[in-house]
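Before I ask anything, let me first share the structure, which is written out below as structure tokens.
Each chain gets a letter, A, B and C, in the order it is written, and its residues are counted from 1.
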Amino acid sequence: MEEKNEFVKKVASQKYEFGFTTDVQTEIIEKGLNEDVVRLISAKKNEPEWMLEFRLRAFRYWLTLEQPEWGHLDMPEIDYQAISYYADPTKKKDNNGPKTTDEIDPELMKTFDKLGIPLEERLALAGTAVDAVMDSVSVKTTFKETLLEKGIIFCSISEAIREHPDLVKQYLGSVVPYRDNYFAALNSAVFSDGSFVYIPKGVRCPMELSTYFRINARETGQFERTLIVCDDDAYVSYLEGCTAPMRDENQLHAAIVEIVVNENAEVKYSTVQNWYPGDENGKGGVLNLVTKRGHLRGANSKLSWTQVETGSAITWKYPSCVLQGDNSQAEFYSVAVTNNYQQADTGTKMIHIGKNTKSTIISKGISAGKSQNSYRGLVKVGTNADGARNYSSCDSLLLGSECGAHTFPYMDIHNNTAIVEHEATTSKISEDQLFYCNQRGIPTEDAVGLIVNGYAKEVLNKLPMEFAVEAQKLLSVSLEGTVG
Amino acid sequence: MENLNSEKQYIDLYQSCSDIIAEHSSEVMNALRAEAFEKFCKNGFPTQKVERYKYTDVPEAFKPDYGLNIKRLNIPVNPADVFKCDVPNMSTLLYFVVNDEFYTKAMPKTGLPDGVIVGSLREASKLHPELVSKYYGKLADTNDSVTALNTMLAQDGLFVYVPKNVVLDKTLQVVNILRADVDLMSNRRVLIVLEESAQARILFCDHAADDRNFLTTQVIEVFAGENSSLDIYELEETHEKNTRFSNLYVSQQAYSNVLHDSITLYNGTTRNMADFNLDGQGAEIHSYGCAITDSSEHIDNNTVISHNVPNCQSDQLYKYVLDDKSVGAFAGLILVKKDAQKTVSQETNSNLCVSKEARMYTQPMLEIYADDVKCSHGSTVGQLDEMALFYMRQRGISEAEARRLLQNAFCSQAIEQIRLEPLRDRLHMLVDKRFRGELNKCGGCKGCK
Amino acid sequence: MLEIKDLHASINGKEILKGINLTIKDGEVHALMGQNGAGKSTLSNVLVGHPAYEVTQGQAIYNGQDLLTMKPEERSHAGLFMSFQTPIEIPGVSMVNFMRAAVNEKRKYRGEEPLSASAFLKLMREKRAIVELDSKLANRSVNEGFSGGEKKRNEIFQMAMLEPTFAILDETDSGLDVDALRIVAEGFNKLRTPQTSALVITHYQRLLDYLKPDIIHVLIGGQIVKTGGPELALEIDEKGFDWIKAEAGL
């Protein structure tokens, strides 16, 4: 027992590896939120009039809303006037952002190097193109030209608004309208940067696309906006990663990710979320309030969400799928780890509209310390979704006697040919398993890492290989020694 | 308040008639009315935005104008005439509650063991005010507006008291008869107290004797003392014009063992809420239910099993078969409090949608704050196994018969749990009749004829 | 007599049977052999009316009745019985209730009164003895918790109860040990009458040693490519199928 307590202490004092700050001159606009700020953001980004109109409509709608109440989250009060809505660390001369690596502040390059995201293409991970976003601005997108040869557009959303207005106009807000929820409205009004991906008909994207989000500046909010359009018969695998420095105050990250999947197309979206989770007393940390949704428009389309959530003080996100195309298939694979005072409320919504649509939900929650970890999900089968099929499995693992693990699945079935199955279990790591490992010479600390990784394997296996390794490490680090 | 219309008639009724209500009840029951009224006025009826009432439109159900028998006028009834569905091979002690009034004219002749009380709640609370007031209203939470309404309007009901170490061999069978010549609202109140090591089995049967619109609220409070054993079976066999709101509150002391089986065979709109509190170590709750619905029937079972202390066990099984345009809802929360270590809990809800228009909402939930637990839940919505159907047809069984056999088998799991063989057999038979569409021909209830 | 003419059938749009022609006279036992995927189980499932298979062409006439237009239960009443390759588990439905429903439906079809409970139980007892089926199994749910051998014995027991005139044994020998195989095969032989005919699907000679088929068919790629006497089975047992393929130019 003594040994275990030591162990718990050690973990509680585990340092957040990515908690450093970058000393770079950053242009930050005044704190506060009003129409002028929305206009200023739009102007800073040199946006066309229609984009400003979109933002203003969303902003005016947001003003009519009240922040929702939280079922299972203890949310600190967010003062929307105490946040700066735009921070630009690139110090650029013109509004089009740096074009080559040479123009980027070496400090920024160093930062991304340190995060393991080299922005020089020659150093890049094999087969991965990166869009690197710090605070409100995309710093650089690699392999843009290589991809463009195949007709693939991969750039920051700011650039896409300027360079590909027709595509953006057609799809932006088509999956997550600004009226969707409180944070969707806020994001639509003040969104800063994120990635835009367009895969044309019949093209299989030859490399992994990835966006790396970094919050650096103090007292700013990050409002990521990502839009992925995968046209007929196309394929793309996309990964996002995120980190932030250690700060005493909470930082707000309110993102929207929209994915459109057309006929026979397939999108894989993976997230390794490692925002700063706050310290061991629950001070600071990122409030991660995200609306992610994919629209499987075309017949036989496929969308797979995979997420490894280890960071953030509060995570509120439900990557969802609207299965409209007949025979479309959706998957949600999630590992959410919470420690100390972290709170995670995550899950998915599978909305079956088309015939013979299939969805799979595999969720693994791991709670330690004094954290609360909830799965919340909805499976809805519409009247016309003949032959719809869903399988959900939501397991929770408790490490310690002061944390909580909760499961709130909702199933609304309006079709008698549907088959929907849900199962969930909650348990702890068994003493027998630990003892067995100990007897074979594996110390408890390693044994826990081993068992947790085994527990999460089904999900980790869904990640692209390079990231699976990273995620595995992350899991062990987040949890080392949390056995109660 | 948006639903003011629904609430207003009850607020007006209470304000203008609280004297009459009190006059025909007892002091113990009257003592809680004012506070319940205050809460009811404050909270109003829950809308469907309230999580626990998501699936039933309460304001709508309470909107129509029903008569109430607050003056306790005598409603002529011959229970033996109304109630023919007795259970063969099971010798029970038979009691009747007509609407919300305990029926004193037909009591079993057999004497009860010393100290056991079974009878009118109103009369019991006059005869034993200390005993009843010790328990009455202690579990039922008037923050729930249906409970508040019941607390403010209920004038009588049933009281069951089993003293320490007393074992009731015979099952108490309580037949709730809905009987009226006008549309009627009843507010029935039930209090069940089992002292240490007491044992009892109670079977409630709901029947409607008239083809009228009925609205019933029922609040049952159950106190299961240390090492006691209690079975509660509730069987609803009413009709489509009946609306039932039943709130059951159970508190269990150490090593008590409670079984609750709620079977809805024929109904209109039914909303059953059950809160089980495991308050003493080693307590066990077995919560089962089965519903068979068709036409536009509505069944909503909402349960919370709260593990408040370590070393308790719970298991839960609810099964629905939904036909036509009927709607089913099940929400079951297993709550394991912080120190409730070594909790073992299992929850299953399976549903068959038999028709295109039937709808099912299911929501099994786990909320767990202790780490050394084994909890699981599962929920399914689907159809009959096509391969099993084919296998049976290959053996010459017609498709309709094969479906019926499989549906029976599906429901039988919830009936097999009944700890009383004759009742189990009787229910298997009733379920089978229900699937054959013969239940409404039993002649037992006028409404079904 | 069963007459199959130019029968084509598919599952999920994929054609499996590509023109089967086969005649089985009363009292005859035919064996159908062939490798996995040849269409053996498809043929038996099509004959008893499995809903997953679609007949696209051809005829199957049994004693003058057009099988293909009949419901599975009607085919059963007409005398067809299939011993399933994988007998289905039906939780919650006891063997007794299951068999009583089946026997009484058949009696109803023949215009007979349903059996009384005691007569039915007596019948169960008698027929159980034929395949040495444990009485405990009869009280369980259909096939639930049965071992592989018990399931196959249970199939033959049901055959005994229903007294079919045409039996299809779809790999009834698979997964059986020597003793179980003997019990099942001898059980089947006991149930045969001069009128009973059968189609036996198997990979192995050892079942045929017991059943002594009159005619052997080899099914390859959805068609019967060779037909012969009992000696054909022995030859296949020894040499496999390749030589038949070569002979047929496949």
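Here are some notes:
Criterion: a contact is a pair of C-beta atoms (placed from the backbone, for glycine too) under 8 Å apart; a residue touches a chain by one contact, two chains touch by 3 or more.
Values in this document were obtained by computation on a predicted structure and should not be read as measured data.
Chain centres here are C-alpha means, and the one lying farthest from chain A is C. Per-pair counts of C-beta contacts peak for the chains A-B.
One simple way to say how far apart two chains are is to compare their mean CA positions; for chain B and chain C this gives 50 Å.
Centre-to-centre spacing of chain A and chain C amounts to 56 Å, using the average Cα coordinate of each chain. One simple way to say how far apart two chains are is to compare their mean CA positions; for chain A and chain B this gives 45 Å. Residues 48-51, 71-73, 75-77, 80-82, 84, 87-93, 97-99, 101-102, 105-106, 109, 141-142, 158, 162 of chain C are the ones touching chain B in the complex. Against chain A, in their complex, chain B makes its touches with residues 51, 338, 341, 351, 353-356, 358-383. Residues of chain A touching chain B in their complex: 71, 383, 396, 398-428, 484. Those residues of chain B lying in contact with chain C across their complex are 385-388, 390-399, 401-402, 405-406, 408-410, 412-413.
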